[in-house]
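Naming follows writing order (A, B, C, D and E), and every chain is counted from residue 1.
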Amino acid sequence: MFAYIVRRLFLMLVTLFGISVIIFVLLRVVPGNIVDILFDAAGFVDPADKANLERELGLSQPIVIQYLHWIGGLLHGDLGYSYVSEKPALEEILPRIPITARLAGLALLFSASIGIPLGVISAVHQGSKLDYALRVVSLSGLSLPSFWLGLLVLMASVSLFGTMPIFNPNPKTWLEAITIYAVPAMAVGFRSAALTMRITRSSMLEILRQDYIRTARAKGASEASVNYHHALKNAVLPVITVIGIEAAFLIGGLIVTETVFNIPGIARFLVEALRWRDYPIVQNLVMFIAVVVVVVNFIVDMLYAAIDPRIRFGD
Amino acid sequence: MATINFDSELRRAGANATGGWGRLAFLAQRHVLGTVGLIIMLLFVLTAIFADLISRYDPLTVDSAHRLAPPSMLHWFGTDSFGRDVWSRIIHGARISLAVGIGSTTLGATLGVIVGLASGYLSGWVDLVFQRVTDILQSLPLLVLALVMTAALGPSLPNVILAIAIPLIPTVARVIRANTLALREQPFVEAAKSIGMSEMRIALRHVLPNTIAPLIVLATAQLGSTILTEASLSFLGLGIPEPYPSWGRMLSESAAEYVRTAPWLVIFPGIAISLAVFGTNLFGDALRDILDPRQRG
Amino acid sequence: MSEALPAETVLDVKNLQTVFFTNSGLFRAVDDVSFSVRRGETLAIVGESGCGKSVSALSIMRLVPDPPGRIVGGSVTLEGTDLLKLDDAAMRSIRGNRISMIFQEPMTSLNPVMRIGDQIIEAVRLHQKVSSKEAWKQAVDMLRLVRIPEPERRAQEYPHQLSGGMRQRAMIAMALACRPALLIADEPTTALDVTIQAQILALIVDLQQRLGTGLILITHDLGVVAQTAQRVIVMYAGKKVEEATVESLFETPLHPYTRGLMASIPAVPSPDAKEDVRLVEIPGMVPSLTRLPPGCAFAPRCKLAVDRCRQEYPPLDEVKSNHWAACWRAGEMAEAS
Amino acid sequence: AEPKSGGIFRIYHRDSPGSASIHEGATYSVNIPFMPIFNNLVIFDQHIAQNSASTIRPELAESWAWSGDNKTLTFKLRKDVKWHDGKPFTAADVKCTFDMLMGKSQQKFRQNPRKSWYDQVEEVTTNGDYEASFKLKRPQPALLSLLASGYSPVYPCHVSPAEMRTKPIGTGPFKFVEFKANESIKLTKNPDYFKKGLPYLDGIEFTIIPNRSTAILGFVSGKFDMTFPTEVSIPLLKDVKSQDPTAVCVVEPNNVSTNIIINSTAPPFNNLDIRRALALALDRKAFIQIMFEGQGDIGGTMEPAPDGLWAMPKDMLESIPGYGPDVEKNREEARKLMQKAGYGPDKHLQIKVSTRNIAVYRDPAIILIDQIKSIYIDAELDVVDTAQWFPKIARKDYSLGLNLTGNAVDEPDQSFYENYACGSERNYTNYCNKDIEKLFDQQSEETNLDKRKKLVWEIDKKLQEDVARPIIFHARTGTCWKPYVKNVTIMSNSSYNGYRYEDVWLDK
Amino acid sequence: MTEQRPLLEVTDLVKHYAVRGGVLRRQVGTVHAVDGVSFSLGAGETLGLVGESGCGKSTVARTVLRLIEPTSGAIRLDGEDIAPLSKTALRPYRRSMQIVFQDPFASLNPRMTAGDIVGEPLTVHGIATGAKKQERVAELFQQVGLRPDQMKNFPHQFSGGQRQRICIARALSLGPRLIVCDEPVSALDVSIQAQVINLLIDLQRKQNFSYLFIAHDLAVVAHISHRVAVMYLGRIVEIANKHELFANPRHPYTQALLASVPIADPKAKRSAPLIDGDVPSPVNPPPGCAFHTRCRYAINRCKTERPALQAAGTGHQVACWLNDGTGREE
């Protein structure tokens, strides 16, 4: 078990290293840099000024040196300075994390708390009208462009309540705090809820065909006990994996949702930083996201092991 | 004991569905949702193919005299702010969406199959390297990767297709690898080895064909999501550029300006996207039920 | 049920009919099968793969998957109650309590995420009002009863930590936890090695006799039948084709299929055996249940088949005392032997 | 009504500005949020929509005076002004600011987009703490207008340019509180403002919302008191009015021209005939119809009348090829020119129209492509990412480009020198006509307004006839605020100058 | 058999699987799947291999064919050691040795027709193509009792027994001299099993192959084999002529195995099972004689020292310290 964890951690480092190289190189393959963008507004680029600024920002160094510089800094906890705001990148990134984290957490919570029960219901009533209805709903959840959904929610909220949840870092009331986060979380969580529901459903159906379910029935267990006690615990395993993978997708969904709902989290920040070619921000943010994804997957695996005794004891 | 009508029970089970067409008809009836999906997909494909015949105007012709015309007999879906016919644009947009969907799915699936097959079949260091690559691609959220890619490559149809295809690779590679690993242990692969077949030939002739079914299922499922990804990229300003009438951009840009004053600009592309994605999803679902025996209910 | 049954009869199955509605047609998996089991008796059901053995068992338990399966006729009377007439709740109170079942696959029949002890407890607590502590004690006792070493520790473990043989023992412990009147063992040893098979069979028989349980032992191994059962029924293509006491069946099999079966099984050579006796083949293959020939289903493979066999299904006659066979030529065979 | 004090003025911001330093920026994304922090020597009257020399008011300067030779401009400064950090404001700060803008000081801006504004300034001198003079190489009456622009705040000497980008210090009515990129900009009242009693507002808060529909919804739902100035398009304006009929909305030109940059150094547009044909093919009304539902203006380089000060008279304008009202006739002529150049119905010219991937650029490009179809040109749209746009233009890697030119002040000097002078950085087409250049200087030195106007018209007309950079139209945009917002004036010939907000108040 | 050189001679065959763990997937244990197996097989002879599940039977079969690489040991085919050969050098030898697997459902590629499956080896070795190949395949079909018109059917259209025939036909196509049968009838119905066994015997008579025949059913092995080897935990514990082995089993494990086989005769009443417990894990096989944990005759020496195969009569070898005829001494 311990060896397994160490091995996983090692592989995680390898993955993160690969990501750091890829993102670093990709960014530098992108034509144009921060200097072009800073000059953009001026309506021209002065080559001398540009060279100056590039030197100042370290962009004129060989790419390998730049990379080593970055990674070296990272290892010392120094993420560099944002090209745009000239503040330490850490200072820019850190305060945005809790916002996105709350949003993502809520969305996952939403997707799990809606998706899993509905998936079970749909599987248990396989072939019924209810099943069909739930499947159609979940499929539509996967078919609506999320920005569209978000916009609809906003418009509905304005026309129904005359107001809308605009982000506010210091919500005054509880209600405000909830709407600020919950509405966008639901908009983005709808998709994952739909996905979770589908996975739960097929996983349940799969499990319900297993021999040990028949054994449980042969013992005289009630349908409810069979479904929830015996089947669900097994069926939830693949669902956990999917939720883990979904965590990565969620970041993508959040980019769009944070844009629509104008939430200053890291997802939207990433897009903006990308537009500005603000390498220190993009690099570190992508690394942060990658770390989160990798760690979430690691946790999912651990969770899997916690639920599935077969994994805990075998390697 | 309740009386049981054997005939109707059998019909429900599909017993009298014989022959290719009968079987197809039965499947269609058994998977109503899937059939609906298939019809939607077919409509979508036909629309894309015959776009020039179906559309009534040139999708790019600007007409300042008829801008923002509401739906009418003249312009079924109204016109946009340039006076372009929305119906014609949606019809031609099907081409773009289809190109993006099929293009990126095919590309992603092909690369994914190569990676997955090599990784599963060759094992050893090839597997190790490819697995890390898929790990890396998987740890970068799809949209983030696509964003960086389109930023890097510039917004054009082939680039968008590429940008959407790359993130598909790990998903496909994983499935194919798992399948290949399972197949590699199959006696028929060992039998092929025992007659002295080369590894390459075994991989291509025995392993690959048997991964087709899961691949098709996966690819159909991905088709819809690629269309959505393109829409999201468009929303963020990185999708397919003008003048191509991409649904995603039609929707996202109109949504910003005309959602209330000219709702048809928003409703129709929105419906087109959702319907196309919904159709592929429905069909993909049914296909999985049919092709993946473990899922059979 | 008004009809009085012989006192010691635990289970009486009459004209059981179970069908499957599938896309390749109607499977009459169990077609008009009747049999009964007495207290402490072992009834073996033999037959080839797909002949309906498991479906018969599942029909008794009312666990035939629906759809596609459906019990369409007959009665299953357990200790005087027709199980087919019970509502679901009543049936559940009987399952695991009065009838239990052991399945073929010890590897997959236990819930992988529940501890062994808990799975046994569940069987107990579903039917008896006992505290969980008490139930746990009973579970450990049951494990000891089925001769699992260190039962306290094993009860805490998960199925994957047990070997195949031990899992099957745990299954038996679970099945017998409520001291059922009838135990159905569906090929309980097919997946196991011979040495383990011997242990498990000995265990089942021993416990069955100690508890006075009726036992239905489903197997395709005639050796197992010979060594464990008192009575045997032979099934072929969903139908019961022969029923007899073990001795009578092995002495004079009266159905050509049974005969073929016995002759086609190689025997461990006795020292005095001649070199290389060719095995007797039953030509052809087991028919698909959807496309059964008219008349006797075995006729296409039967050397003795006459025209009548191909047209009319033979009734199950008591050819000798306590020996029934469904063959037009069973009488001839009985005389010949 | 009597102005009331108090309240936070909430505005949404269209995007996150690159820095807080107005001198280093070149977009009103910087001006609007940060102008309230500063003061200029002089400023255009904040409540007269049309900026002109006659609306210039003193601000940090108490008064100004031209020397007799019109080559020295002297400002007498106020003595009661303090920087937000408490240090006194003196003439040294003025000198520092303009020396830096002219590139003469030790400290440098990262970028200095308006350096050319001060090309004629020889030096800035001080006389004591409260007098500063601009010595010119030659007379340039326009200098005062340039100094009155929102783009010309006075920076403190004692704060480095880097700090000014992140934590600007000014003398203005509001103090900088914080700027969170992509999130918000917050300003708070400067209690020590030298204009007693001002400002009325307790503070200004900008919430950055790049997504237009979200932003408009926010305004409609009352989350904001005002939209981002000049950012509401005509269709959206209707939407706003329909959802919130009480909203006060104005539509003003903002002195931004949409034009075509032509690469005349390479085929096919090195052929004047084809350039002319292109100019003739434009249906400017159609552009305006589509982009502004008719509410845009047709003109030359200078902003059209009545809001523009320097616009050519109508008949003069219409005499320029392509400006005539009969589009079909123009196009007929254009086709002839094309045929002369060897193209025709069977031989179309294939080109690309490059532009930036921003709607205000892209949309006219789409219309342009559609219009030039009529003269046998098949154009394809080539959208270019922001970071690549200027490098691409500089490389001359385009044939036609669709471009927007914004003018900070309605002032020919600024427009002509910046966009048409030989060697100017923003002269993307490298148009260079020494004769016209002489005229530029001539009008610049001219102190007689009428004479100067005539000269300007002549230049403008020539520029159009040379098809140097055909102007398609001048845009108009809207701004909306809630009725309780008082004292906001949107300028009608510039969108960079009207955001001091010192006397804006909320009637709530 | 006779003194002539055996067709196949396996000496000290070892196959260890690494059990990996730890950070760099370093090896933390070893599965002693096959741990020093030696036997020989003459032309036209059948050697049966029995033993409990997991004792290494399939591993022997696969290593002999070099489908998996042996850890050590020699595999001599006609005197030539094929163990060290490279994959290309091995190819010609592949024609001489073929395999039939247990699971007839998984042994055939579901996406190829039966004819293609049987003809594939011919293509791979460039023996025949086109019409000639078809002809040869048809011939093979007839040989195994299938109709040539079934060549264009797909595997799922055949029954289990028929599929096993296709597998046999595929094995025959290259004209091998050794066919390794890894439980070829275990998955078949009893009445079908006889057909396949008879077919295998008939083919051997006609074409003089050698079989290495693996099964867990002692009766089946006994029926088809000339000699039988009994494996336990990666080793052969006893090997003898069939009749000798059944009449006079020397190793306690063989005895237990024989006693455990249920006899299809109600009068032959069963004896109590001779051994208890389960087969130990091959990851850490017990020291000494691997069987001592379940052996009722085990003496101290069994727990520490491993007995080697020793002669116990003509053509009879047994690996037991109590190799004195009965093994029941103490």
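What we mean here is this: contacts are C-beta pairs under 8 Å (C-beta built on N, C-alpha and C of every residue); 3 or more make two chains touch, one makes a residue touch a chain.
Heads up on the chains, UniProt names are A, B = Peptide/nickel transport system permease protein; C = Peptide/nickel transport system ATP-binding protein.
Bear in mind the structure is a predicted one, so any value in this text is a computation, not a measurement.
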Practice task
Trace the shortest sequence of touching chains from chain D to chain E and report its length in steps.
Solution key: 2
Fill in the blank from the handout: Note: of the two pairs B-E and A-C, more contacts are counted for A-C
Fill in the blank from the handout: CA centroids of chain A and chain B: separation to the nearest Å works out as 22
Practice task
Measure off the straight-line distance from the CA centroid of chain C to the CA centroid of chain D, and report it in whole Å.
Solution key: 92
Exercise for the section: Report, in whole Å, the distance between the mean C-alpha point of chain A and the mean C-alpha point of chain D. Expected result: 41
Completion exercise
Whole-angstrom distance, CA centroid of chain B to CA centroid of chain C, is 50
Fill in the blank from the handout: Touching at least 2 other chains, the residues of chain B are 151, 154, 255, 259
Practice task
Identify all positions of chain A at which a residue touches two or more other chains, and write them in rising order.
Solution key: 30-31, 151, 155, 259, 275
Practice task
Would you please write down the residue numbers of chain E that are in contact with two or more other chains?
Solution key: none
Exercise for the section: Show which residues of chain B lie in contact with chain C when the two form their complex. Expected result: 1, 4, 6, 9-10, 12-15, 17, 26
Completion exercise
The chain B residues in contact with chain D across the complex are 60-62, 64-65, 67-68, 81-83, 151, 154-155, 237, 241-243, 253, 255-262
Practice task
Report the residues of chain D in contact with chain A in the complex, numbered from low to high.
Solution key: 16, 18-19, 25-27, 29-30, 110-113, 162, 165-166, 179-184, 207-211, 213-215, 217-218, 220-223, 243, 385-391, 394, 405, 425-426, 428
Practice task
Note which residues of chain C are touching chain A in the complex, please.
Solution key: 61, 63, 88-89, 92-97, 100-101, 103, 105, 108-114, 122-123, 126-127, 158, 160-161, 171, 174
Exercise for the section: Using the touch definition up top, name the residues of chain C that touch chain E in the complex. Expected result: 48-49, 163-166, 193-199, 201-202, 220-228, 246-247, 250, 260-262, 264-271, 273, 276, 278-283, 285-286
